[in-house]
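Here come two complexes built around chain A, the first alongside chain B, the second alongside chain C.
What follows is the complex of A and B.
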């Protein structure tokens, strides 16, 4: 456990010692600024029946941010260490493959969570200025953030997997972008098609990250979705571990 | 497993597609030895070290470190080694102390213990003055020392250094060598290099590697003795030319001799012994007996460099003959 914590600390430190951390945070804040203004515009017009969190988070901005930042956050996980050679000193230290994979994943997820935290501020601004506690239910907000964390963990796991395959950060980023967009496009289809008509529709329904986000942002946490994210994350982490291990295959 | 040798390698082979990097090498390194891996670039030194450090799997053969198999028990092996890879990769965005502390924690040292050990190795490697600096801004010599400090921080039984002095200036090389010598008093060290004097200076034993094979494995002195087969003696003697030419004829120890005039009355005599005997006392006795003058008497010594060139060239010839 100590080893994992030391590694996670190093991973997080790495984001703030290079420009990448600041670039990601600045980009996210910029896009969320837009999202916020958009939402205020909407709220100014006609009354809305959806909760604020849904109008704030379940937007196209969320997807742009997720799809672009996930590769940016995860591309360095393994690829950077491989290209600078520190991977060799890491893997010749007495650390297990799983420890490394979990630490890399934990580091990226922690940074991902950190990036989203300031955005709580936007919600508090609304609450402050509307003066009505009903506008922002803490349980709905918590549900939304839990959902974002779940979706994030899947995307981080995909990114770590992509990064473990190559020593080039650019290729890692492209590949994880491809995986992320692939999943997103599948879920777009399920939203566009009226669901559950055929067998495939039902499957797409289950993996539709877009639908899931709508639920989460209304404060609905469906255990089926939680299980989906946890297993999918575990699956990609398992693949990553196999890739890390493959170095020692005869 | 305390009495098993530090490194036991048996018939170790590493093949890459289309190339054999290590070709069935066998050697052992005892506890407390300082052994040098010597060979030209691409001889298989780094590959062997990477296998011993559990970074790469071998294609064939076995390797054990401190009695543990590097393939089956990599965790036990890695706990016991301090390995500095060839390029000495560091996290260049970390400060020296921070980096060493991170590495110490990674190697399983506790909070307090890692602090103490980092202080010790900072001192040992002469890094105390720069412990707040960012490693990326340090000179190559200091970075190398950080790499060394990292290899030492968890007090490993075996230290493996892959080309520890590569790219350093002469002063830095001296400092690093002195440090290695100092460490060698307490720890087993395996270091690789293609710089010959380095091995002569720091190591008690040498393994000469070329094209993935071990050409020679012995102490530096033994190797020199073995290969100075001719043991030629050079003497400069002032004597009548004829007498000097004839006096070697009846001596059974001498196989060949050659007398060439030097300046004035002096002649330069080159003598080759028949069975590697040391001819110097004999020459001196003859000179004294005849009351000649003697101003030089040397036995040519082969340096490790000669041995190395000799061995690697020989192998090259064998290969072209095939």
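What follows is the complex of A and C.
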């Protein structure tokens, strides 16, 4: 466990020793800000059934931010190590493949959580300016962040898998983006299919990340969704581990 | 994808390992799919909202767990429309509780093709939207978005000439959805008879005093409504009639009609009587008939100087303790009556032997007044016989246990008498909470307790009220200060590491 924690610390440090970590956080903060300003302009003075802090997750901004940041965070996980030559020394160190994979995943997920943390600040600022305590229900916010973390874990696992396949960060980012967008498009496709009449409709409904976030943002935790994210994350981590392991038999 | 290490195994061995990896990955995938299947079959939903916004009532849970028929729910909604979030979250909870429920959510703005298919399937018009369709076998029930909200008009403020702002205060979805599931999944439709021939409101008329909307309301509750004339030839009421409605009779009922009515009630029949001001000068016979059941319909009109919008109406906000009005009382709702007659409980000393249990339902405020002197078609206060400055009842409900061997099939006799019949007319039924009152009365009379106990859930309406200065501050904060400070920090760290 200590090995994994040390590797996670090393991974996280990598983001903050260079400008990349700060640029990513600043860019995400700008996108948060832009989306909130746009929403405040549109909704000011109009009665709503849900607070702005909940409506943000139903907008396209959320998905733009998620789909762009996930590849940016994960592209360097394995690909950077391979391109700079530190991968060899890492893999010859007394650590197992699973420890490396879990550390890379843990590091990216921790950075993902750090990137989304300022959103909480934005929500508090809006609550302060609206003067309505009901705008920010702490339990709903906790549920929402739990959901974001679950969705993030799947996207980070997909990104780590993409990064493990190549030494090019650009290719890793593009492949990760493709996987992320693919899952998003399947969610959109579920809108057009009946979940009660077609088997595919039911499957797409089950994996619809948009629907899941819709529930999380309303403070609903559904075991179906939790199981989906945990199992899908585990599957991509398993694939990543097999790719990492493949250097021994290729 | 590139290779990091040069090949070190013969191709046959590599192929073998690759096949092994593919089989292991497939097995893992199969296990994970099975886990997902199990979780989908046995879902658990936890509501974290402070007010338990989406927690379902025990009655709904009981109804869902006892479902034996397959019920298909289709939500035809624009996800941008208000209340969609509540509708969707609640129905997802329904689906999670019963494998007999299938749920389709169709956003007609995102999936117009599917919306057309659904409209064709249920013979809906092109403008029909924002509704929930419940279907089981051949039974279908629609719940429209207009039915889902409870609005909170600050009536007192309006009376004082203040704001006319009407807010959405509660969501009635659960009561309506559960009722819809029950109605489509139950094969037997109760029969309601609507008495005609004594000047009653026309059940087919769409005029403002017609009862078309009231009849529609009954039909929505999976009830068959039949007109009934109790002439000399008919021996009694139909044996399958569960409820008789007498709405606004203003001509005397024949003696044999009252006799048949008495026999019907003795056998555990249910009766809804709506009196009105037009029968004030003419005794319909119901007044005397109802005394036997502990209800007094007095020859006076009720007024309330404090709770009225125009003088002739009474905005009822005082309710008795009874299942018919409890939900209205808890929700601080109002019922609007037009020139209601005094309807109350007769004094104990005049009660018949084996008296029924009578509860008064609607009251005026403490400024109530009766007017019993009729002159030129108007009612006036008569200080000798009329009363004022107190709460005056305008509706009552009576219940009497069934007689052994006589009422075995129907159970207890139930009667609801309201001093005004215009309140359920096409115009006034849409006023205040009159529609809810009508539905609650019918549900109680038909012994559909499950329709009564699920109250509306309060809704908080959010309105941002930011001044232009606040908006400017927020723009600067969100677009410049926050991202800029992170960039600055990163630049400082980069400079220090470079140095």
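By our rule, the second predicted complex is superposed on the first by the 239 of 250 C-alpha atoms of A that agree within 3 Å, B and C clash if a C-alpha of one lies under 4 Å from a C-alpha of the other, contacts with A are read in each partner's own complex, and residues count from 1 in each chain.
What we mean here is this: a residue touches a chain if its C-beta (ideal position, glycine included) is under 8 Å from a C-beta of that chain, and two chains touch if they have at least 3 such contacts.
Remember, predicted model here, so these are calculated numbers, not experimental data.
A.B. asks: Have a look and say if chain B or chain C is in touch with more residues of chain A.
C.D. replies: The larger set of chain A residues in touch belongs to C.
A.B. asks: Determine, under the contact definition given at the top, whether A:165 touches first (chain B), second (chain C), both, or neither.
C.D. replies: Second partner only, chain C.
A.B. asks: Once the shared chain is lined up, is A:238 touching chain B (first), chain C (second), both, or neither of them?
C.D. replies: second
A.B. asks: Who does A:92 touch here: chain B (first), chain C (second), both, or neither?
C.D. replies: The first partner, chain B, only.
A.B. asks: After superposition on the shared chain, which partner residues are touched by A:214: those of chain B (first), chain C (second), both, or neither?
C.D. replies: In the superposition, A:214 contacts chain C only.
A.B. asks: For A:18 in the superposed arrangement: first (chain B), second (chain C), both or neither?
C.D. replies: both
A.B. asks: Once the shared chain is lined up, is A:174 touching chain B (first), chain C (second), both, or neither of them?
C.D. replies: Neither partner.
A.B. asks: Just chain B (first), just chain C (second), both, or neither: which does A:222 touch?
C.D. replies: second
A.B. asks: So, A:110: does it touch chain B (first), chain C (second), both, or neither?
C.D. replies: Neither: A:110 stays clear of chain B and chain C.
A.B. asks: Where does A:247 make contact in the superposed view: on chain B (first), on chain C (second), on both, or on neither?
C.D. replies: both
A.B. asks: For chain A, which residues belong to both interfaces, chain B and chain C?
C.D. replies: In chain A, positions 17-18, 87, 247, 249-250 sit in both the chain B and chain C interfaces.
A.B. asks: Residues of chain A touching chain C in their complex?
C.D. replies: For chain A paired with chain C, touching residues are 16-19, 21-23, 25-27, 29-30, 32-34, 36-37, 40-41, 43-52, 58, 82, 87, 118, 121-122, 125-126, 129-130, 132, 134-135, 137, 139-140, 142-143, 165-168, 171, 191-192, 194-197, 206, 214-215, 218-224, 226-228, 231-232, 234-235, 238-239, 242, 246-247, 249-250.
A.B. asks: Over in the complex, which chain A residues touch chain B? Could you list them?
C.D. replies: Against chain B, the touching part of chain A is residues 2-3, 6-7, 9-10, 13-14, 17-18, 84-96, 247-250.
A.B. asks: Can you list the chain B residues touching chain A in their complex?
C.D. replies: Chain B reaches chain A through residues 50, 53-59, 71, 74-75, 78-79, 81, 83-85, 87, 89-94, 102-103, 105-108, 110, 150.
A.B. asks: Show which residues of chain C lie in contact with chain A when the two form their complex.
C.D. replies: 1-5, 7-9, 13-14, 17, 21, 24-25, 28-29, 32, 35-36, 39-40, 42-50, 53-54, 72, 79, 82-83, 85-86, 88-89, 92, 96, 102-107, 110-111, 113-114, 167-168, 459-466, 470-471, 473-475, 477-479, 482-484, 486-487, 489-491, 493-494, 497
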